[in-house]
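Read through the structures below before going on.
Shared chain: chain A. Partners: chain B in the first complex, chain C in the second.
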Partner chain A sequence: MDYPAFKQFDYSQSIAFARGLVDDLNFSYVSRWKKANPSARVIGFLPIYIPREIIHAAGMLPVGLFGAGDRIPVVRGDAFFQSYICHLPRTVVELLLNGNLDEFDGFIFPSICDVIRNMSGIFMLQSKNRYIRYLDFPQNFDEQIGGVFYRSELERLMEDLQKLNNSGIDTQRLNISIDLYNKNRKLLKHLQDFRAAHPHKMSAVDYYLIRRAGNIMSVEDFNDLLESLLESVKNVEADEEDKIRVVVTGSFCEQPPLGLIKTIENAGCYIVDDDFQLGLGWMKKDTPSDTSDPVNALVQAYLQDSIRSSAVYDSENEKGDQLAEKVKHLNADGVIFCAPSFCDPALLDRPHLERAMDRHHIRHFSFQYHENLGQFHVIKEQAGTFADMIKLWE
Partner chain B sequence: MDFTLGIDVGSSWIKLALVEYGNDSNIKDIIVERIRKRNPTQVIEKAVDHLLNKHGLSYDDLIYVASTGEGELVRHKRGHFYSMTTHARGAYYHHPEVRTVVDLGALFCRVTTLEKGARVRSYAMTGQCASGSGQFLENITRYLGVTIDEVGPLSLQSTNPARTSGICAVLAETDVINMVSQGIPTPDIIKGIHISIAGRILKLLNKLKVESPIALTGGMAQDIGLLAALKEQLEEKNMELEVFTARDCMAAGALGAALWGGFRHYKLLKVKQ
Partner chain C sequence: MDVQKENSMVKQKQMLAEHFMELSQVRETGKKVAYTFVPGNLTELIYAFDMLPVYPEINSLQSGMRQKSRDYIREAEEAGYSEDVCSYVKCDIGMMLQGNIGPTGQQLPPPDILLLSYTGCFVFMKWFENLKQFYPDAEIAMLHIPYQESGKIEAGAIEYVKQQLRNEVIPKFEKVSGKKFDADKLAEKMDLSASAEDLLVEVFDSARHKPSPIDAYFGGVYYIGPIFTAFRGSESCVEYYRELLNEVNYRVEKKLGPITPDGILENERFRLVVEGPPNWTHFRNFWQIFYEMGAVFVGSTYTRVGGIYDEGFRHSSQDPLRSMAEYCMGCYTNRNLPQRIDLLETFITRYHADGFLVNSIKSCNSFSAGQLVMMRELEERLEIPVGFIETDLVDPRYYSYSNIKNRLDSFFQMLDQRRPVKSAG
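Moving on to the complex of A and B:
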């Protein structure tokens, strides 16, 4: 796509570009992409994860819809949800009804919680001429049960997309797409590793903006942007401060306001890992991109190499140990459980995770937020006290 | 010699404390500078330069520069400590017997209870409303046409304190405007405000079931009228708590930050070894 020369961006240009994309509720990047690819389609998807490789192989642009934060007043969106429902669906519906999503040709709603599932119904009613799909994911990781089910889900999705775009998804195209997303995850991992080692060189807000922008851009553009960023971030001059290192978890769907992320860092915590854009790193390993059955490769990757998030039923309860392992690996001092109000998956998981942290003698504290939160004082108090406690008395 | 610098950035004042850190730490200097309408970051840098020049020091001579308060405005720092931690340490430095610290700042009132060694045990603070704060008191002085230094002595002259809202700053300010138009004497208005603020402090003290003695820190701790009102209310409620204004009360946060900075520096050295 004819877009700015990402490879020549310096650090501040990369961040400014990402911020522009994240702030743009009219999705002008999507409009430009469509102009450059007139016959191609754009598919919006809700958090957390969808197999973007398939959409890409169909010649389409997958675009993550992560709400609108505090940037739009929710007028009509509220009418669709009870008061005990989280905030993200309200702003997504508001965007739909306001026409901000007019460039989108379809929407995929992954199975993460009842609210996102029901949103697919709301979209069907409010957006009748567009492709709407509730994509179910297996909770059973047995190849003969969950594997067979997931393959049928993916094949149905591929059929739908082929009809929508009037073009086929062949083995070669899907393998190329898998390869591109493998590269993307590798670049993201390099950035994550760099940040974990040098959190003072890239603020948590900048890191968030880049990752969030990556869910809007094409994978080709995002890879170019990441490659230039990985070079330019090394040249950032910033003094390392005496802060504690924390892992933030629970914010994988409704996104925290930038002010909240900034507040945590200003209160004396380097966020060395988070799950704000969890879907970007859903696979822990590369998915094979040289097989004669790439759909099976995607299925196997999901069954064997995907991370265990709160949206995944986990009878072995390995999520707690997974989190503890991450904390130890990153040499983090503690965990901040930061979940949106009324987020069932995150809040139901929290007691289990807290118990696991206690078992591993890892310090933690928790709070709730909503995407349009404007007051961070209480959170600043909590994070500040947490940091002081660890710095002075641990 | 090991020097540490604490910088407390408030909404109205910048406070700096230069400490010679050791087993018996000494305060080398304290600077308190009003921000007025200037850029706070520039005020901080100018004040730090002045302080370091005065003592023939440079940044390299400081083992730890610690911020507290709105610390993000401090460019050259090694770490940040939270206000309750630093005010507790600052008060403890001069008064090791203290068990409770009440920080009376421009925007909030915060009560902290201490364990031995100035470790924070618990804390509570006022909510978003500013009616228990120094900023509120400053606004009131403008309506009354008095300076902030006159507030305390005037309050002590009151014979018939007026009643003001203890919940909302906006309502309290409206009350004061009405009182001025009704011709209520200034000392009685001020005393009424002091009683209202003392009531809010008392609620926080009750919430934490604090122990005596209590040290007051922050800008408002210098207000002798407020101290008197607080003592009166404690007596009225039969709460046997000794309360006093901490030495260097205004710079307690900066002092605490400098002291914790030194402590942290040596803790990190120990971890490295």
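Moving on to the complex of A and C:
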């Protein structure tokens, strides 16, 4: 796309660009993309993960919808959801009703919770002439059972998308898309590794903005941006501070406000890993991009290489071990359970994840937030005390 | 009180007492215990393996009715469960932490198998993932039921559920029970279920009459529904519904209203359809508010979470696995929002309801998310007064009599005002 030369961006230009994208509730990037690709379609998707490769191979732009935080007054959204339902759906519906999503041709709702699920029905009623799809991911990981089902779901999705723009998804295009997303995950992994080693060189907020922007941009643009950032971040001059290292978990859907991320870090905790934009790194490995059956490659990747999240069936609490391993691998000092209020998947996972941390002697504390939270002093105090305690214990 | 009514009442009490007695004796009898959920329950299959089902949701609601839930919920919250999550889960976990004493005062046996029928509610999955941590020796079988996102049951989804039944659920049942799967035994139970389903539909459909002989919400959950979930597939279940239907027919003939804890509803003033579960901690008080206003529920969606038979579906011995798959996918909360609205519209028109009420449950996203849109849609389509109240299932902290009463007073006023306008038109 005819866009700024990402490759020449220095660090602050990259971050400023990402911030601009994240702040822009009119999605002008999306409008510009559409102008440059007039026959193409834009598909919004809700957290956490969808196989974006398929959308891309259909010549469409997948755009993540992660709510609008405190950047939009909720006027009509509250008339759709009772006060004891989380906040994200309100701002998403507000965006829809305000016309901010007019450039979107369809929406995909992944099967992660009852709220997102029922929101697909609300969109069906409110947005009758657009493509609405609730995408059921298998909770059975047997190739012959869950695999066959997932393939049937993906094939149905592909048929629908083909109808939307009268253009087929062939093997070659899908392989190219798989390749681009493999590259994307690799670049993100490099950035994550760099940041885990040098968290003082890139603030948690900057790191967040880049990834959130990545869920709006085309994968080609995002890859260019990441490549230049991986170079420019090395030149950032910053001193390492005496902070503890924490892993933040539980925020994979409704997003914590930027102020909250900043508060945690300012209170003395480098966030060396988080699950804010979990879907970007859903696959632990590359998906083969040279097969004659790329749909099968995507299916197998989902069954075998996807990470364990709160939306995925896990009766043995592998998630707990996964989290403990991550803490050890990153040499982190503790875990912050940071979940949106009223979020069933995150909050119902918390007690047994906490118990798993106890078993592994990993320190932790927890709190809840709303995406539009404006006051952070309680969290500042909690995070500060947590950091002080850990420093004292060491 | 009516003699026929007493018959079914006595029978219900007996059946439940025997069931809990059997559960308390599993150590001696060696019977295996399957914990499972009401929506998408595989009662026929459980009984075909001679196992006994335990429904944690039912235990929770019973704890709510017995005023135990506050304590159980506090226990679970102290163990780290957020105030924000489903109170059924917390009540169940709290009960387990306090010794797992069931509704009859007897200790419930631990599960030999957790049958996680993930049907229409995401929380079920989290609930049993949690229970599995507390019962590490129990087997766990996941049965993932795809949502009716497109408004119909997709062919791929049926095959998926059948494959899970064949390759996941049945082999685990065989392992736990030590018995081979007996297709004939299952078929027999499926046929018995179908007979009970015919009778159940007739009972619910009696609400067409004026006055309605049943209360399809409070009565629906109190004496129409429970036997159905726990005993489907048995002779005694068919007998129970036959008895109940006789009583209902008698009431129709005599033009009697439903029996309530405060006596027979004599003067039916308002006929309502309701969406959402009831509150259990103040069940009687809640029911009384409607009774005093002469309001009767002629249709409810909560009584359809365990299956929808109104449209003709019946369990079938022809292709039992397919039939179970269709049953699970057809449960109320496994249907998309437009389908739920259509079903409500059918209830409202078929049962000549004067108004539509939502009882929005604080901790149940599966039901609650989208209810405000459903209300608006039905108001527009049918030009019918709609009312909205908020309670919780078993968390007594969220039952405010005065709030509910105030809102209902305005709702009833609205219904009253509508009456002359309608008749004039």
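Note that the second predicted complex is superposed on the first by the 393 of 394 C-alpha atoms of A that agree within 3 Å, B and C clash if a C-alpha of one lies under 4 Å from a C-alpha of the other, contacts with A are read in each partner's own complex, and residues count from 1 in each chain.
Quick note on the criterion: contacts are C-beta pairs under 8 Å (C-beta built on N, C-alpha and C of every residue); 3 or more make two chains touch, one makes a residue touch a chain.
Since the model is a prediction, treat every value here as computed from it, not as a measurement.
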item: Superposed partners chain B and chain C on chain A - clash or fit; value: fit
item: Residue contacts with chain A in the superposition, chain B compared against chain C; value: C
item: Which of chain B and chain C A:243 touches, first, second, both or neither; value: first
item: Which of chain B and chain C A:111 touches, first, second, both or neither; value: second
item: First, second, both or neither for A:291, with chain B first and chain C second; value: neither
item: Which superposed partner A:313 touches (first chain B, second chain C, both, neither); value: second
item: Which superposed partner A:391 touches (first chain B, second chain C, both, neither); value: first
item: Partner chain in contact with A:232 - chain B first, chain C second, else both or neither; value: neither
item: Which superposed partner A:82 touches (first chain B, second chain C, both, neither); value: second
item: Inter-centroid angle chain B-chain A-chain C after superposition on A [Cα, multiple of 10°]; value: 100
item: First (chain B), second (chain C), both or neither touched by A:167; value: neither
item: First, second, both or neither for A:26, with chain B first and chain C second; value: neither
item: After fitting on chain A: smallest Cα gap, chain B-chain C, Å; value: 19
item: Doubly contacted residues of chain A, that is, touched by chain B and again by chain C; value: none
item: Chain A contact footprint on chain C (complex, rising order); value: 79-82, 84-86, 89, 116, 118, 121-123, 125-130, 132-133, 140, 142, 144, 146-147, 149, 154-157, 159-160, 163-164, 167-168, 336-338, 340, 360, 362-363, 365-366, 368-373, 377, 390
item: Touch list for chain B against partner chain A, complex; value: 64, 71-72, 76-85, 119-120, 123, 125, 128, 260, 263-264, 267-268
item: Chain B partner contacts - residues on chain A that touch it in the complex; value: 239, 241-243, 266-268, 375, 377, 381, 384-385, 387-389, 391-393
item: Interface residues, chain A side, partner chain C - complex; value: 79-82, 84-85, 89, 111-115, 117-122, 124-126, 133-136, 138-140, 142, 144-146, 148-149, 152-153, 156, 310-311, 313-317, 339, 341-345, 347-352, 354-355, 368
